[in-house]
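The next part holds the structures, each set out as structure tokens.
Heads up, the next two complexes both have chain A, just with different partners, chain B and then chain C.
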Partner chain A sequence: MNKKIKKDNSLIRQTRRWSPLFMWPVVAAFIIGFVWPFIQGIYLSFCKFRLIRDAEFIGVGNYATALQDASFRHAFWYSALFAIVSLVLINVLAFAVAYALTQGIRGSNLYRTVFFMPNLIGGIVLGYIWSMIFDGILSRYNTSILMESKYGFWGLIILICWQQIGYMMIIYIAGLQAVPEDMLEAAKIDGATKAQTLFKVTIPNVMPSITICTFLSLTNGFKLFDQNLALTAGQPITYVDGAMVKSTEMLALNIYSTFYNSNSVYPGVAQAKAVLFFILVAGLGLLQLSYTRKKEVQQ
Partner chain B sequence: MKKILALTLALVMALALVACSGGNNTPAEDTTPADETSAATGSVYWLNFKPESDDALQQLAALYKDQTGVDVKVVTAASGTYSQTLTAEMDKSAPPTLFVIGNANSVKDWSDYALDLTGTPIAEQLNTDAYNLYDDSGKLVSIGYCFECYGIIVNPDLVEQAGHSMDELKNFAGLKAVAEDIHANAATLGFDAFTSNDMDSSSSWRYTGHMINLEYYYEEQDAGAKWTECPPSLTGAYMENYKNLYDLAVENSLVDRTSLATGGHDAEAEFKNGEAAFWVQGSWEWSAVADSVPNATMIPYYCGVSGEENAGLNCGTENCWAINAKASEADQQATMDFLVWLVTDPAASRIAVDSFGAMPYKNAQESTNGFLAAADAYAADGCYVMDWATNYQPGVDDYRAAAVSALNQYNASPSDANWENVKTAFIDGWAVQYKAQNG
Partner chain C sequence: MKHQTLAAERRSKTILSVVLGVICVIYVLPVLAVVINSFKLNTFVKTNTFDLPSGEMWAGWDNFIKGMTFGNYPFWKSALYSVLITVFSTFLILLFTSMAAWYIARVNSRLCRLVYYLCVFSMVVPFQMVMFTLSKTADSLRLNTPWTIPIVYLGFGAGLAIFMFVGFVKSIPLEIEEAAAIDGCGPLRTFFSVVLPMLKPTLISVGILEIMWVWNDYLLPYLVLDINEYRTIPIHIQYLKGSYGTVDLGATMALILLSIIPVIVFYLLCQKHIIKGVAAGAVKG
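Moving on, here comes the complex of A and B:
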């Protein structure tokens, strides 16, 4: 007996001793792929550069330029509006679909698969497919998705709902299936109506799913890039008070087009915008997480 | 059991890493012999700007390797992504030794990375200075390797079938009369006046980059001299003339103007199939149309400016070689040798000229391009050449995107108010972009 414990201890010690060996591949990959580029990105936001290797430190000038840029402010408000509208629509619809598909309808599995499938198509492809669909309809009225910013906005909302509802639905289904049967049964015996059961029992119990889904759809809304590029690329574009406004351009696309603007000041400005963008998305994400976490109940 | 699982997972991770580093090693091993040769003789890496020339360039690279043993790597950037590809490639440890600096904007961006070509063997091969680009300090940043022209491509057979003659096409009034007549009788003739004029990204540059050049050119003429740098603003004095020609092309076309924003039409096929007599395009299309319309020719942008009977084609280039100043001397030398070979060796220069149209070098082969021949014919008749003032467009991508947007609105509803927005995009937009670029 004693001997066995001793043997176990030595195995633990051995594992402790050798664990760094097994850790370093992942740590190295994480540093190469994430930590180092992240630090370099922050450094570059204080530089003027055309090529990364020739970066020249210039201080906070890039941030000043970024904040004064009307197109960046427009992209911020546009993205915020988009994120809120898509957050609400995606989650309400995904929850509704998930709720319907956990009521024991025939063919539930088939529906789940079909609803999930759009999520498997890449953003650029989706953007082009939907631009064809929208233009196919709008061309009957002699217009196009590129013509009016409201078409671009709602087009993008439809696209993103179509893509993400299925994904969020899967998370909600997992959450709904984990709601304890005895609670539902108790509610039924106590004479709760369907609506009361939904709002007082089911939803509090799926709060963890709501937390994760709202987090994902909020950050996805802000980070959206390929769909935005493929569907409208910021069109229509107008000049307002001597500044160019790409009316359907979101933050990520704004950063991209700033980076490739043909003036060597701009890569640094784009980098500064990217750092601001990171702070914004991370901050909002954490705020939202801490808020919805409070609503979660312990079973 | 858990231990085995943990061990397996760790092993998989370690293996993945080995695989990763293996992946990285392989090209390094591949390049080692090349590096050895490059230490001795250097090698060439050409980041090509013209997707349509890729085949010809790969052929030239193989030919040069056969003849001299020097490696020539040709990489072609996808259409419309040259600046992105160049930025990424230049940051690598083996950057391009040969790249393109084709307009005033790129000179600003890349002049620090370009070798001064003044007095170099390749510069001495040139037969004109007209296509060279200099920076503010007078450094020869890049030298033209081919020149092109654009205007309106015409199928003379169709013009004659419609009962007209090429002699009628000497000014805007003549062009308008012929085009409107063909369009009115399109159903009986079986062809229309203009091909489709799509405004999607694969085609909109024909109007926002090329046709608008007529506005810039005549402004230049009013100012009395060719621009040598980007002017801070434009007067817009010739926007009406641009409107004349633009409206003529979209009103008398196979495709209704309201469907141009979406695009998806194939103007090249329409012209080659004889479905339309006029096509707003450039000399680089010669090899594409020469087989189907062998007597295709090109006429100037007639737009109602007085004295335009003496107009010629829009001639210039965006194709200028720059040698990477930060490449090793051996690579710079190898690149220089390759370029000299390219413009002097008869077989090589034949391939290059056939692909590029025409090359401004003393010993290069004669051009077989029918459109460039038309440009020469106009020049020989004493017509003025319209230079590519369009190469000075500030913040070119955004500037053109805004113009496309305004033209889309105008095409959907050709009202005066919408035309005002087109003017704003081209004229006020110039000043806005200039300010953004120059502070």
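Moving on, here comes the complex of A and C:
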């Protein structure tokens, strides 16, 4: 026993000597690509600057400006509404499709292939494909997706459903296939109807998948950027309390345009918005973690 | 009695299959719309979006030829840069994060745990949080070319890859590596000829996720690269439509078709791996 521990240590000691090769490349890139930008980002959100060099600490002023910004508040509520509507639609439809595809019907594999396919197409390209389709339909009524915010909203919902149902379907299929066969058999023998089996046996058993998909579609909804930019880019413009607001602009796009499109505001405000956005998304992540932990304990 | 229910069940299954088949056809219609409109003259794309490009609407291969030099940037160049960046970034990520993950899982020092937890943390940080400072940092370190941007991808994408690799390495019994050490393998040999082959399933999953991410990514290369010289396909397509003025929708659709054909071929070829990889990456949240 004692000998074994010694051997382990020598193995580890030997490995340690190679740390420049094994660890440093990733650590260096990680510092450049994440750690340093993150720390600098937090710091700059409390600063007034145009270039990073001239940054001057001003406290929470940027956060106050950000929270008072009508376009940011609109983007928050718009994103929240979008995230919730897309969450419900994507999950209900994805579960329904996954359930249907696990009933042993003919063509299941082909159907699965087709439903998952849109997932591989990038957000920008997706946005342009659908903007052509929506404009093809709406031009018959002499309007366009850029004319009314409700078109933009539902257009983006349709797009995101088309893209993400297949993804969530894959997770649900994996969950459904793990439901113990004998449980389903027992329910059948006890005379349970199909609906009863679904709600009393199947759904409780796929709860982990439901949790994953719920949070995944919620955070995806909040983080959406490419599709939003390509489909409407925030158009049309409306006025809320006298302030100009892009009516279909979501949070990520709002942060982006505060950084790069407006020359009147200092980027510090945009960085403050980005920090708030990060807190929101990370908070949802933590919520998911604690929720899944709790579920695991119960089982 | 039993016969009847069986027959009924078979009938309901057939109906379900047909319904799903119809939904499937609807599902591929958007891609079909791209195909038919890429052969249509520009003026008809908006008015006759859903008609076949027959008669006077037929543009032949003109849209594709026009698209090649569209937007004052040759399309083949952006395709080349997209391939270069995707291949190089994925290779870097797979090589270095698997090495680091093995080191982290086996050595498990305080520093290792710090790196690991930072990686897990980085997975919940949205790109908008770091995009401004990251693009400035990349600029000042001259990481703004297609040959150096993979380093940025390695840094920002390390989180998920390390998380997945560490999880897998921990499930490998230590005895195999001990045996290799007794046989006289140093850490380097142990990793490359013993551990790496065992990591193959995770290498494929992570590889697929990284390829899908880098290939479709728009904002990171857009902010980091020097756009006048280097464009990737998503940047190229965004530039066609994003620039106001006359947009040739027919040519745009031709380019979109060209950009999704390799993706669909890739998908059909390694469908099994892609679906497995995506399901494995779903933990990221």
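Structure notes:
The definition used in the following text is that the second predicted complex is superposed on the first by the 245 of 299 C-alpha atoms of A that agree within 3 Å, B and C clash if a C-alpha of one lies under 4 Å from a C-alpha of the other, contacts with A are read in each partner's own complex, and residues count from 1 in each chain.
Please note the rule applied: contacts are C-beta pairs under 8 Å (C-beta built on N, C-alpha and C of every residue); 3 or more make two chains touch, one makes a residue touch a chain.
None of these values were measured; they are calculated from a predicted model.
Of the two partner chains placed by the overlay, only chain C lies in contact with A:Ile121; chain B stays clear of it. In the superposition on chain A, contact of A:Ser257 is made with chain B only, not with chain C.
When the two complexes are overlaid on their common chain A, residue A:Asp135 makes contact with chain B and with chain C alike. Of the two partners, chain B and chain C, it is C that touches more residues of chain A.
Of the two partner chains, both chain B and chain C are touched by A:Phe22. In the superposition on chain A, A:Ile237 contacts chain B only, with no contact to chain C.
In the superposed pair of complexes, A:Ile171 makes contact with chain C only, with no contact to chain B.
Of the two partner chains placed by the overlay, only chain B lies in contact with A:Arg53; chain C stays clear of it.
Shared interface residues of chain A (contacting chain B in one complex, chain C in the other): 22, 25-26, 29, 52, 131, 135, 139, 233. Interface residues of chain C facing chain A in the complex, by the touch rule stated above, are 13-14, 16-17, 20-21, 23-24, 27-28, 30-31, 33-34, 37, 45-47, 49-50, 96-97, 99-100, 102-104, 106-107, 109, 112, 115, 118-119, 122-134, 136-138, 141, 143, 151-159, 162, 174, 177-178, 181, 186-188, 191, 212, 215-219, 233-234, 237-238, 241-242, 249, 252-253, 256, 259-260, 263-264, 266-268, 271, 274-275, 278-279, 282-283, 285. Across the interface of their complex, chain C is touched by residues 7-8, 11-12, 14-19, 21-23, 25-27, 29-38, 40-41, 44, 52, 97, 100-101, 103-107, 110-125, 128-133, 135-137, 139, 162, 167, 170-171, 174, 212, 215-216, 219, 223, 225-226, 229-230, 233, 251-252, 255-256, 259, 267, 270-271, 274-275, 277-278, 281-282, 285-286, 288 of chain A.
Of all residues in chain A, only 22, 25-26, 28-29, 50-54, 131, 135, 139, 142-144, 146-147, 233-239, 242-244, 246, 257, 260-265 touch chain B in the complex they form. The touching residues of chain B, counted against chain A in their complex, run 10, 13-14, 16-17, 20, 83-84, 87, 90-91, 105-106, 108-110, 112-113, 258-259, 261-262, 395-398, 401-402, 404-406, 408-409, 412-413, 421, 424-425, 428-429, 431-433, 435-437, 439.
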